[in-house]
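Have a look at these structures, which come just after this line.
Consider the two complexes below, in which chain A is the common component and chain B and chain C are the respective partners.
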Partner chain A sequence: MVEFRMPSLGADMEAGTLVEWLVKPGDRVKRGDVVAVVETQKGAIEIEIFETGEIEQILVDLGAKVPVGTPLAEIRTDKEEVKAGMVARPAREALEVAASVPITAPPGAVPPAAPVPLPLSAGRVQASPAARQFAQIHDVDLASITGTGPAGAIVREDVERKHAAVVRPIEKKRALGLDLDAMRGAIAAAMARSKREIPHYYLEHQVDVTPCEAWLARTNATRPPESRLLMGAVAMKAVALAAHRFPAFNGFYLDEKFEPSSAVHVGMAIAIRGGGLAAPAIHDANRLSCDALMASMRDLVARMRSGRIRSSEIADATITVSSLGERGVEALYGIIYPPQVAIVGVGKVVARPWIVDDAIVPRSIVTITLSGDHRVSDGHAGALFLAEIGKLLQEPDQL
Partner chain B sequence: MELSYREAVRAAIRDALIRDQRVFLMGEDVGRYGGCYAVSKGLQAEFGPERIRDTPLSESGFTGAGIGAAIAGMRPIVELMTVNFSLLALDQILNTAASIRHMSGGQFGVPVVIRMATGAGRQLAAQHSHSLEGWYAHVPGIKVLAPATLEDARGMLWTALQDPDPVLIFENIMLYNMTGKLAADAGPVEIEKAAVRRHGRDISLITYGGSLWKTLEAASQLAKENIEAEVIDLRSLRPLDDATIVASVSKTRRAVIVDEGWRSGSISAEICTRIVEQAFWELDAPLGRVCSEEVPIPYPHHLEQAALPQPSKIVAAVKSALGRDR
Partner chain C sequence: MSDLDIGAVLREELGNIAPEIDMNSVDPSADLREALDIDSMDFLNFITAIHQRLGVSIPEIDYPKLMTLDGAVSYLKTKLR
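Now for the complex of A and B:
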């Protein structure tokens, strides 16, 4: 029996709410199937499964908010025989064992004779009676609230705050499963952590993309608008190839050490309508053609804006590209999304006087920046990495 | 008028002796010696040995005599040295004083007032230091009072003497030396209601007697961290003023009970239960309790202090209830 657990969909995720089960006990699943939809601060995310077998038991009910790592379902893999009379483990027990949160108190702060509160079980929202009563009267969903009370329980003030937030902007338009305030909070937490923990250094490099523009114009000339290539896809490809060649910028810094990634999953920073930002990954971007990359980017943007992205996409980017070119700034310096170690910024393409063969000529210039993690790399390596991106952009047809 | 708690109690006894000829005081060493806590000092000289009566070491005997005198029409004040010794008179208090009204079909009442010292803190060791007033609050048929302020020490006795049924008054030994101002015309107080000694919005601290001052100190420490605690002085442990408790908890949504008695089966347990019975839906946190450690109160000063509720323990319990301990 294998447990399918609530995945961590990013450094800033602590818990998720199960909003949809796409499978039921008895269903056959294979690796990569989408089995559930989980709502996080980043919106509703389709969760994929990594085992092949049969769903034995669903352990978490719809609407339950559970911490990362909580078993959601049990799967009987194909290797296992069905034993006659096998007794399924009660769901509740599984939940409580896996998700109990030890209560820690600073030594000496609490009188030793005080009864220790029981650990919170994950299956049920822990809310005070006052919070429950207020939530019931005002129709507030407790599952969507983070508690600030004893041992993280929801207290009345938490519900009042949520109620005020919901009521004041009279029914603010809300994308499916997306809470923009919560997302802003999640971004703030992740970025504050990044700025606190990661010693950033910044480099910028101006690249002449005139050949690239000319190639794009030629390639797109005969294409219908929906299949045209954009500079963003070309830049994405160049970054992916460069990241593959410079592993110090591609991977995760975890537990005080850097683990480079052999695969290149490039996170693409996408602005969400109404505010907010997410960076779902394009898997193996270095191996995709520019056309395939472009298609992936369009697909991701569309799904991101409708609020549905997959768990594997949101969780495992190995490096991020942030492109604000069309928004009109010439250069941007990103903040690294932990546990990644680099973010590449691509600015707007601008016409500039440029010296080519001792003559001043108009050229199309783009400013590419690198925010690097000094624990892993330094300015010298960063300069080589940026130069590689610039070099790759000189021969777009080879990408 | 600046005076001590001890002097306020003496003024109350003196006032009662003057106002009502039926009133007399009896107990061990109350006469010539002036009381083991010097409460009755000088009263025998003023009122004579008929009305300030020394008794032998025989709690059951003289408490029973007081009960008999009350039934016969007198208004005795019986002083027991400490609550520990009162257990020798428990048979008289529970089986006789508390029960006669019921057993006689209302024909006889026992208008006796029994005063006794309670609490720890003066290194008197286990047999003189316990806080058993919560046990008496268990008994129907009696009233249990715990004056914590000069006003109550001065005023509760006369009100108790007016009661047609037995009233027990518990005086915390650590309060006798407490001094303060008392109005020259201070007199009887009502004993039906608890008093809110400090107003606050964040948590209700419910206490009585000697713990009131520790609780107020904890409340002022908490105020420095922007936690506003409401402090309720119960004043009467039986009957309990549920209305004041529930109103406060309904406002603050959290409560910590501070009780110098032991935790198990204590008055604080009763208060917690009443809050849950009457204000369950108002609660925002598990109820907290700061009680004495469940040991016989030790003799050494540091161990004795460690066994008792202290402001630091109250502060910690409040922070725990507010989720501010993480």
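Now for the complex of A and C:
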């Protein structure tokens, strides 16, 4: 039996409210299926499962708000069915089965719960042994509790009270949608943590994108609107390719060390109408054609705004690109979204006098910035990374 | 198709892109990108929707003519004639 747990959907998520179950006991599920919809500060998110098997039991009712890590359902995996049907399996094979069961994410992907390190205070919380035991059994985060015992220590009653408050289903199903105040709070918490923990350095690089603009104009001239490309898609592709070549900017800083990612999942910062921001990932962006990337970006923007983003998209970006678009500013310096280690900013394209072959000519210039994590890289590597993006943008037809 | 009908289609499609804005309160001569706070992808979606609804393909070079509601109505009127 495998427990399907409330996934962590980023550094700023603590809990989610179960608003829709798309499966019931007895249903067959396979890895990647959307099985539930959870409402978070980022809006409603479709939660995918990483197991293949049969839903045995649903553990959390509709409307319940539960912390990250809470078991939501029990799944009988196919491996277990095979196992149950055999007798006296050799020890080695049994071990392999046991070892394979806890893996809840596909190889190469980050397990849903991994990106969020425990709060720093977790190890220092004063709590009685009984309180700790109850908290462990019921999956209650001690760091979220104010103790009423001696010197503010947490006693069992405190944990029980918290547990009751968390698991009691809310009275009626809330409408799907964004709570922008909650989202602002979540962004503030994640960014404050980033500024506190990550020693940022900042670089900027001006890139002549005249060749890109000309190529886009030529390419789009013969296309219907639905298959036209935007500069944003070309820039996204260039960043994804550069991130693949410069692994120090692509991955996660977890448990005091950097883990580069072989996959490039580029988070695309999307402004939500009315306020707020989220950065769902475009998976394997370096391997997508500009056309496929553009289609993904359109789809992601549309689903982000209608509140239908999938859990894997919100949780596993390995680097983020932020762009304020054509009415934005010339340069923006992003704040790294933990546990990522880099964010690339793309400013608006502006006409500037430029020197080409000893002559001053008008060219289209875009300022690309990097906010990098000094624990992982430095300005020298960052400059090479930005230069690579600039170089890639000189030959858009090769992207 | 009358100016009124074209205007109604445009308001409807812009309403899908910026649902929180009352389209009737938008100044027909205002720059849509600023009045509705829409970016290049929103604008492309708007052009795509017009193409699908009215069968008019709008080349990129003509985008500036559709930056206001009034401009878009007169542009499409010519195209639909």
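Everything below uses one rule, namely that the second predicted complex is superposed on the first by the 304 of 399 C-alpha atoms of A that agree within 3 Å, B and C clash if a C-alpha of one lies under 4 Å from a C-alpha of the other, contacts with A are read in each partner's own complex, and residues count from 1 in each chain.
Everything below uses one rule, namely that a residue touches a chain if its C-beta (ideal position, glycine included) is under 8 Å from a C-beta of that chain, and two chains touch if they have at least 3 such contacts.
Bear in mind that the values here come from a model prediction, so they are computed numbers and not experimental data.
Enquirer: Please tell me which partner, chain B or chain C, touches more residues of chain A.
Expert: B
Enquirer: Output check: A:130 vs chain B and chain C. Expected answer is one of first, second, both, neither. What do you get?
Expert: first
Enquirer: Scan A:297 for contacts with chain B and chain C and give back first, second, both or neither.
Expert: After superposition on chain A, A:297 lies in contact with chain C alone.
Enquirer: With the two complexes superposed on chain A, say which partner A:193 touches: chain B (first), chain C (second), both, or neither.
Expert: Neither partner.
Enquirer: Give one of first, second, both or neither to describe whether A:375 is in contact with chain B, with chain C, with both, or with none.
Expert: A:375 contacts neither chain B nor chain C.
Enquirer: For A:352, select first, second, both or neither according to whether it touches chain B, chain C, the two together, or no partner.
Expert: neither
Enquirer: Quick check on the superposed pair: does A:5 touch chain B, chain C, both, or neither? Answer first, second, both or neither.
Expert: Touch partners of A:5: none, neither chain B nor chain C.
Enquirer: Looking at the overlay, what does A:148 touch: chain B (first), chain C (second), both, or neither?
Expert: Only chain B is touched by A:148; chain C is not.
Enquirer: Can A:217 be said to touch chain B (first), chain C (second), both, or neither?
Expert: Touch partner of A:217: chain C, not chain B.
Enquirer: If I apply the document's touch criterion, which positions on chain A are contacted by chain B in one structure and by chain C in the other?
Expert: Shared contact residues on chain A (touching chain B in one complex, chain C in the other): none at all.
Enquirer: Tell me, which parts of chain B touch chain A in their complex?
Expert: Going through chain B, the ones touching chain A are 253, 263, 280-286, 288-291, 293-294, 313, 316-317, 319-323, 325-326.
Enquirer: Give every residue of chain A touching chain B within the complex, in rising order.
Expert: 104-106, 109-111, 113-114, 117, 128-133, 147-153, 155-157
Enquirer: Enumerate the contact residues on chain C facing chain A in the complex.
Expert: My answer: residues 18-20, 33-34, 37, 39-41, 44-45, 47-48, 50-52, 57-61.
Enquirer: Residues of chain A touching chain C in their complex?
Expert: Chain A reaches chain C through residues 217, 220-221, 224-226, 228, 230-232, 273-274, 297-298, 301-302, 325-327.
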